[in-house]
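These notes open a run of structures that come right after.
You will see two complexes here that share chain A, one where it goes with chain B and one where it goes with chain C.
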Partner chain A sequence: MSIAAPSTQRNTFTGWLLAPGVFWMILFLVAPIMMIVYVSFWTQTTFAINSTLTLDSWKNFFSSEAYVGALWTTLRLWLIVLALTFIIGYPAALFVGLLVKSKTVSTILLVLCVIPFWTSFLIRVLAWRPMLGKEGAINIILQKLGLIDSPIEVLLFSELSVIIGMTQIYVVFMVGPIAFMLGRIDRNIIEAARDLGAGFGRIFWKIIFPLSLPGVVVGAIFVSVMVLGEFATSGALSGRKVNLLGNIIVTQVGSLKWAMASVVGVILTILLGIVVAGFLRIVDLKSEL
Partner chain B sequence: MESKALKPILAVYVAAFILFLYGPFIVLGILSFQQGPEGGPQFPIIDWSTYWYRHLFGLTPPSRIAPLPVGEALLRSLTLAFMTMVTATVLGVMAAQAFRRRFRGAGIVFYLIVLGMMVPGVLTGLGTSLLANNVVGVERHWWTTAFVAHVVYTFPFAFLVMLAILNRFDGSVEEAAWSLGVSPARTFRKVTFPLIFPGVLSAMLFAFTLSFDEFPRTLFASGRDQTLPLAIYGTFSVEIHPNIFAFGVMTTLFSFSLLAVYGILMGLSVRRAKKIAMQEDIA
Partner chain C sequence: MVQSESIFRLDGVTRRFGALTALDDITFEAPQNEYISLLGPSGAGKTSLLRVIAGFESPDVGRIHFLGRDITDLPAHKRGIGFVFQNFALFPHLTVFENIAFGLRNGIDDIADAQIGDRVREMVDLVGLSGLEDRVPDQISGGQKQRVALARTLVMQPKLVLLDEPLGALDANLRGRMQTELRQIRERLNVTFLHVTGSETEALAMGDTVAVLDRGRIIQSGTPEQIHDTPSSSDVALFLNRFNLFDGKLSADAFHGPFGPVPAANVCQNPTDIYAIRYDRTKAFRKGDTLPGPALPARFLASEYLGSSVISFFETADHKQVEVDHHLSFGDPDNYKVGEEYVLSWDPRHAIVFGQEAAA
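Coming up: the complex of A and B.
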């Protein structure tokens, strides 16, 4: 069908269509990230930075217990939240994507999961306070049920509250992609396996789970990227007890310590790169989607 | 059989799961009707009242609790979201249109665009501020630095939505128009655009809502004047009152009205498409 003559004309046309977007991303995404790397080697004076290159900020980061501690806290919370979103999200996705026969019901359930996102992110975070507090909904319910005598105080302003909050906010990003992949499984394969006498466990591990793996990977990438870059949830629900890398960046910028903020930014970028590349090694997404 | 028992168990589980997603919001909704101005942001409800809603609109007698500084911030956020929506959608449609043909470097360009939604807001926010402060030398404002950061974030969503739509698009209608001598610009306006309109609408919805609620990028890049999420964030550090909950309920209602507008426009465009198809059938 292709005509030889207008081909070059069409190529330039494609170029013109792409140019604005590509330039926007290079100028306002790639350049800023390069800038973070560059500034991390700048010299920090009390209230300013200058472009004399130095390793001071990097040395400061690795010699400070608080900063390195934030790195470990970030990694620990990321692993916990990732595991929880997977464990809590997978069964829900299994039901929505595979077990529900009617497409309409499945769509309605997915929409139900997405509706909370129409409330401001910050207010959703804040809503956990009256839920988890000492006089919060959970403590009141548990006390009314007679399960506990005195309120559980560790529920709010602790690492636990940050974990609960993040899990609730991000679990849907795990459910969506998994449910999508499960929905694409050819039901005949499962029928066939059942006819050949395979039990549900076997069908799950041999057919369903492997076929849903790309969804798990996409979900895990979404959750990881968001949790690793978090600072608002930890700030609002931990009473500043939990400091993630994101929180360090915010406080450093707040006190005009741009060089240190940049060091933390570079570390975060490297961390994200490793995590995403690692997940992409598990499945080849391009061939799956 | 095991799977027979599995389905009801999972149904109950999903119900609990949805309760988990909605729990905080239900609590928030209940507490927004707390009595004021003495009632705090926790249980028990002293008395049901709409005090905090009236407080939001400045309809209550002055008390020690300052009204939320949302008026101007709301206006800024709406303007910013609108600017972002238009820019991101135009960029998204253009880029997706280009992707309908195979070209060299398509993989790299694809990842470059998608990177915008993958890089955490702290990083783009920080980088944009550094660039503005130290290289370009411009002051940070919500309508300059925050705006470009918002487009970086929302453009990929618009692009992916449009890509999904154009993948299912039958190019032969365009070719028919071209072969009849209709100019490409006119073909796009009269043929392509009406067909991809539902996608454009979805892309706009994505871009607008994501920008309206965007927080981390704005925190770094917006400078002095606050947008709505920043105004809400400002109340975090101080004592919180149920007025923020009332405000949460209001913003959610606002989002739903946006969704309703989206639904109506979508319904109209689908109906129009059906009508055209029917006319063609008759002809």
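Coming up: the complex of A and C.
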């Protein structure tokens, strides 16, 4: 009994410490999600919505080519942007985190990566218009150099411009975590591998890359969560030609179609859950960080 | 001719980092199949020397020969010289087995899997790691990590293994055991070990040859007995941490120290005039006792019991600390009173005199 008492006391104490967080999460995360799931089964008429349960909105979503198409577009753009941020971000992280010997210089470089975030999201996205447009910077330069005769129109208001815009914005979320993991690698380990006769390629694939994998996973989770929920970049750079799940939510909410917006919201949440869980299966982050 | 007998040879090796000269024109020839210990205080350039031999850094001036071949411009992974890091530098994501197999799998030569397995298992047995093959470095102790680091290097069958303060990260008990084991493993494999250490006891205990490094130069090398009994300069005597060193002035054939003039017969060449007497040759006497040699009045400060001997600390009038090492096999120690004045003395034949003018 005398042993049990303090342990119960500690449990109560832990409970009190947890209470605010748990309360907050229930009120602002669990409850709204439950609500969205609930609303997705409501009956929607043109001008009103009532709480009679029905599968109509779900059926509508899966029978509409536009909605299902948006789901596939979202998945396709997500995979492309994820791949690009990794391909562009990893070498940059390798340079910042491993090849730069001075800690100060590598910190400065990381801060430089973040500088674009000092401007607002919308300006960063819209800044691509004068770059990519028909009479934009890239077309003018290419024409002046004589590389092309007529402007490349596919640069702006296309899937390509959305991909370029998203990659530019999100690549830094890939660079940061990878550079952090690479920076933690003991240089002696790399020298030990060299001393044991391994060349650079072997050292990279057998030592450096596996040790940076947790950073890759964290970066991929960041990028995925943000890209899957995106609507602003595609809205601003695609000329409404590229519809993502996020854009559908925006238009449905705009026209007060709460039930359909909820259906898309639930699908998006499930998608995110699967993606994050999938990434977490690759690496045991708890033991790595 | 000479090259066939030495494992490696340094010719005027110099390495600078900006204004700092880490290695200053080092010329050294290392005997084959021996345990060589390299003693030096921190900052003497020990690690730089190892890194230059291993090929992680290249010398600004000078050549390095290994097994009769000039390897100065050869990259580290083609040198075939083993390196054991002070912090072991094990691959944290690989098991003990894969750590040891790394060089065989990823090295320059293609080796069949079956042969890799055999060689790794043989090495695991040799260093006593059986049963731990599937653990990762986080799941084994410091001493076991040390063995993995050693096995990982030895499995490549190098002719020369460089060990950078290999026992520094181990606790005292384990250090003693690894000292014996390192020597045994080396003898069984007929490789040369170059062991860098800042501990004079470790250097003397382990080396067949001891080299003393100071400010980027090798200032003496020889057997442990030679180094211990006849340090070639006052700096070596200082690093050995076994001598009371007194400043003074050497004139004609007498040394004038804080204990007055003492006859000095054999004088070793040295940048400054220093009189050295080993701790265990220094003895404390009460006032009025007959002394075997010079008299140095000193106040007793404290003593330390070391099991087999007692070290007593005295302070002279000019605040210099003097140590007296009394081995208990010579009888019980005297009981000195803290703060009381005693007279320190010694047999002048045991002293070593260093002077600017050698053998006056």
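Worth a mention:
Criterion: the second predicted complex is superposed on the first by the 270 of 289 C-alpha atoms of A that agree within 3 Å, B and C clash if a C-alpha of one lies under 4 Å from a C-alpha of the other, contacts with A are read in each partner's own complex, and residues count from 1 in each chain.
Keep in mind that, in the parts below, a contact is a pair of C-beta atoms (placed from the backbone, for glycine too) under 8 Å apart; a residue touches a chain by one contact, two chains touch by 3 or more.
Just so it is clear, the structure is predicted and the values come from calculations on it, not from any experiment.
Look at chain A after the overlay: chain B and chain C fit there side by side. Within the superposed three-chain arrangement, the count of touched residues of chain A is higher for B, of the candidates chain B and chain C.
After overlaying the two complexes on the shared chain, residue contacts for A:G199 are found with chain B and with chain C alike. Once chain A of one complex is fitted onto chain A of the other, the partner contacts of A:L272 are limited to chain B, with no touch recorded for chain C.
Look at A:D186: by the touch rule set out above, it reaches chain C but stays clear of chain B. Of the two partner chains placed by superposition, only chain B is touched by A:V30; chain C is not.
Applying the stated contact rule after C-alpha superposition, one finds that A:T107 touches neither chain B nor chain C. When the shared chain is aligned, chain C comes close enough to touch A:I207, but chain B does not.
By the document's definition of touching, neither partner reaches A:S64: not chain B, not chain C. Fitting both structures onto chain A leaves chain B and chain C with a minimum C-alpha separation of 8 Å. Note: residues 199 of chain A belong to the chain B contact set and to the chain C contact set alike, using the contact criterion stated above.
On the chain A side of its complex with chain C, the touching residues are 186, 188-189, 191-199, 202-203, 206-207, 210-211.
Interface of chain A with chain B (complex): residues 10-11, 14-15, 17-18, 20-22, 24-36, 39, 49, 51, 88, 91-92, 94-96, 99, 109, 112-113, 116, 118-124, 126-131, 133, 135-137, 140, 168, 171-172, 199-201, 221, 225-226, 228-232, 235-236, 246, 249-250, 253, 258, 261-262, 265, 268-269, 272, 276. Remark: chain B residues 1-3, 6-7, 10-11, 13-14, 17-18, 20-25, 27-28, 31, 41-44, 91-92, 94-95, 97-98, 101, 103, 109, 112-113, 115-116, 118-124, 126-131, 133-135, 148-149, 151-152, 155, 159, 209, 213, 215-216, 219-220, 228-229, 232-233, 236, 240, 244-245, 247-248, 251-252, 255-256, 259 touch chain A in the complex. Touching chain A in their complex are the following residues of chain C: 54-56, 75-78, 80-83, 85, 87, 89-93, 102-103, 106-109, 152-153, 156.
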